[in-house]
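Okay, so chain A shows up in both of these, paired with chain B first and chain C after.
For the complex of A and B:
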């Protein structure tokens, strides 16, 4: 059996879900036997070099770059998996939903109690910066997502069981203790 | 009429007392039917529909339907499980249920039902409500975006004279449960903790103590909701 190809990315996430992938401990050696990584922060490949079997998405979409990357993943991955609460429902970044963007930016760069070094009251305005979206969106609001693995972060065993099932084509065995939202 | 009623839930014989509802009889006979708005000591009103069962091929709320002899009740079927799951999903998307940031996570009945029915993602779009938090009282805060309007707090949290601490305010989609500001200042510690426990979600939160129980030891971490009732 040829190795399955995996790609991962972190959008508006904290990399906690990626840390949880590494939490499979020594099974990572088995994983390397089963899969090959393509575009991912794990191997630092920036662009897809071939069609990928499984794309793992951490984090929701909070800016234009997230949307672009997510669409890029959808085009290049046969299966997309939303990993973790942020990808599934926006997560903590989505707490800003309902608050006007202007208010958020002012709080972060001018009015916030921890802002000390911005006497000229400059707001980030470089053209290179991605535009913030009006809300933080779950990934399945932007593209079609095939599987959802909840958790903050998802338990390592949940990721392992689900990944092995996807790779081998078997049914997922996800016991009660592994499906948690926190 | 005899005092004892015999009927069936999913083929299992249930012996009920005359006047008992399906949910009560099921509970006493080791069959778990989920409830949210229904609560011990409160007159059932059948508003959340999570306890829906099929009685003689019709959907009924089992908290308001009295047991009657010979009735055929179906509770644990794929169709009913999916109906209940969809109700849980609707409740999830109609508020802001950010489990990772909620003090009630692990002890939350709504979350436990989502685990039980294996909700991986709601099939409905999130609404991201912004009703805000009322935290004027000294002991309790009320997170309005988590409230599912079940009325448990309204009906069960009362002072010695029977006056209610909580009440509805506004109507329609502005409807919310609020705490009486004057009374909130004098609520006892015990009653405040009970208010938090009675709340099936994380809407009523006891102030200053949070996340005290570590993950793994909380109520629904290892065992699904209702497993203490189920005997098979």
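For the complex of A and C:
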């Protein structure tokens, strides 16, 4: 059996879900036997070098770069998985949904209690910067997502079981404890 | 100001349970409830300001901001929309120079939308300072605003004769018409006022009365159909010195207006029914919960209660029956559909937000002020009087085997004769359409937005011989989707709202969207399912209507519809019905809209999404990432 190829990325997330991937501990050695990583912060490959079997997305979309990256993943991955609360629902960043984006920017760069050094009241508008979206979107609002793994972050065992199921093609082992959150 | 508030508080003995009445009086007095009033209320009622505010904010007709001298509440229910709501709305806006939701700068005119006001047979209707203005047109809207600007009084705005029957009573002076189109055993002339209290219960026991009701198989007419005799039996067996009878006249289901007609024209029958059920269950406290939209009847109804008190039909030792003490007060609501749910209604009566309670305990065990409480619909109580008068056997000669007696239907929409029809249970939808003079019918909504949307197509396409195959040997229809379905508890139970749509109507964007807006507006917000799902279902439906839908979207709607069933009350559980019922019976409309060749479309437009932020930070170029 040829190795499955995996890619991961963190969009508008905190990298907590990636930390949870690392929480599979020594099983990462088993994982390396089963898969090969392509574009991912884990190996720092920036661009896809081949078609990938499984793309894992942490975080939702809050700016144009997130959207571009997500679409880039959709084009290059056979299966896309939304990993964690932010990818699935927008998560904490989505708290700004419902507040006009103008107010958010004003609070962040002009009016906020921690803004000390912006006497010229400059708003970041360099062409190199990603553009802010009006809302924070869950990934499935931008592209088709095939699987969703809930949690904040999802537990390592959940990630592990899901990967094993996707790689082996067997049904996923999903004990109640893995999706119980309180 | 403080004196005013104190006077109102004294009127209700500083009882926090009467907060609804106190707030209604305050609204009437000052037009709104300001911070100062809230603090005085909180102090004198010994509750927190937040508790006062949470009640105020729950109800549509309470306000913490000043209201105008003339507050126009235009009804946005479906039949109103079918008959020109949008042009009337824009006329009001153009003539007054303000938008809906605003008040003119001189404080003269305020424009607001409101859910169904129980005038579907004579809409579009508006409530202006508690007075109902029916059959609105853009012309009338223009004249109304002109008259208001000319300094006319509220009564000076009236443009039609006062309505038929008691609608013209000097205490009512209302333009509303009863529009009774068909009378049967409940509405006919065979009724001697208060005969049952005066002569019949005197010579019978409460057990006998309950037995008659049980034998008659009378079931709750509000829609749920709980056996009335059983409810009364539970009530009578509950221990305790005090028990409560509530008559639920908070009919808020869009399309029903039968309780309005009952209370206008047959209020003696209804009040007699309350006394009767008090006799049967040994209750001593009676409350008629009247929706705020019907406030124009309040004086008149109170005059009937006064008359009953004078004649010893209310009060102590009623009709000479030793120890039978019972009186009725009228509790006004303040605009909240969910208060039609009995436990929400009770919460509201206690001066709280009208959020449904967890059950059990049921109201009959622990209801108003934790007392055993029997809640009955207006029509149920009136029917009970006729049954006790004429006997269970007489009653069971009407209707079908499982649904005895008659039902009041509130018929509206695309038909020549909207109004009240009293039909026997077992009447088919087709017969109702014939009675109402409805042609070219596409669909019928039975039971309001929470009910069923029935498709006429299924039956019209079939030939006579094919049609026969649909019948079971017993003559009962086997088919589920047809106009030959019969109104009954086994086939098509209903609280009586029948709304007819002709073939020109767009079922999805006219009808279903309107109903979803209704549920979004009226959710009390307690359960996350009912608070959120109707909103995202409406977004999904809009996506489908916009032509961005895919097949999965229809499945999503069906699946989400199942989740909503975990909501606490009937409103939440049925809030997805407009979508579910239209998918079931009009699936082809959805299929026509969705794209067959693609399995994903998100409607997401990056350029549109970034435009607000870009223009705020002064960024002209849309930069493309590689």
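Please note the rule applied: the second predicted complex is superposed on the first by the 179 of 182 C-alpha atoms of A that agree within 3 Å, B and C clash if a C-alpha of one lies under 4 Å from a C-alpha of the other, contacts with A are read in each partner's own complex, and residues count from 1 in each chain.
Operating definition for what follows: a contact is a pair of C-beta atoms (placed from the backbone, for glycine too) under 8 Å apart; a residue touches a chain by one contact, two chains touch by 3 or more.
Just so you know, these numbers come straight off a predicted model, no measurement behind them.
After superposition on chain A, the partners chain B and chain C collide with one another. With both structures placed on the common chain, the touch criterion links A:67 to chain C but leaves chain B unconnected.
When the two structures are aligned on the shared chain, A:95 is found in touch with chain B, with no touch to chain C. Residue contacts after overlaying the shared chain place A:181 against chain B, while chain C stays out of touching range. In the superposition on chain A, contact is made by A:123 with chain C only, not with chain B. Legend: residue contacts after superposition of the two complexes on their common chain; A:141 is shown touching both chain B and chain C.
Touch criterion met: A:85 reaches chain B, while chain C stays clear of it. In the superposition on chain A, contact of A:105 is made with chain C only, not with chain B. Once chain A of one complex is fitted onto chain A of the other, the partner contacts of A:149 are limited to chain B, with no touch recorded for chain C.
By the touch criterion stated above, A:53 is placed in contact with neither chain B nor chain C.
Superposing the two complexes on chain A places one of the chain B stretches 181-189, 199-207 or 217-225 into chain C: stretch 181-189.
Comparing the two complexes, residues 135, 140-141 of chain A contact chain B in one case and chain C in the other. The touching residues of chain A, counted against chain C in their complex, run 63-65, 67-68, 100-102, 105, 123-125, 127-135, 137, 140-144. Note for the complex: chain B touches chain A at residues 96, 98-102, 105-106, 111, 114-115, 118, 120-122, 125-126, 128-130, 215, 221-224. The residues of chain C lying in touch with chain A in their complex are 599-600, 602, 604, 606, 608-614, 616-619, 621-623, 625. Partner chain B is touched in their complex by these residues of chain A: 82, 85, 88-92, 94-95, 97-99, 135, 138, 140-141, 145, 147-150, 152, 174, 176-177, 179-182.
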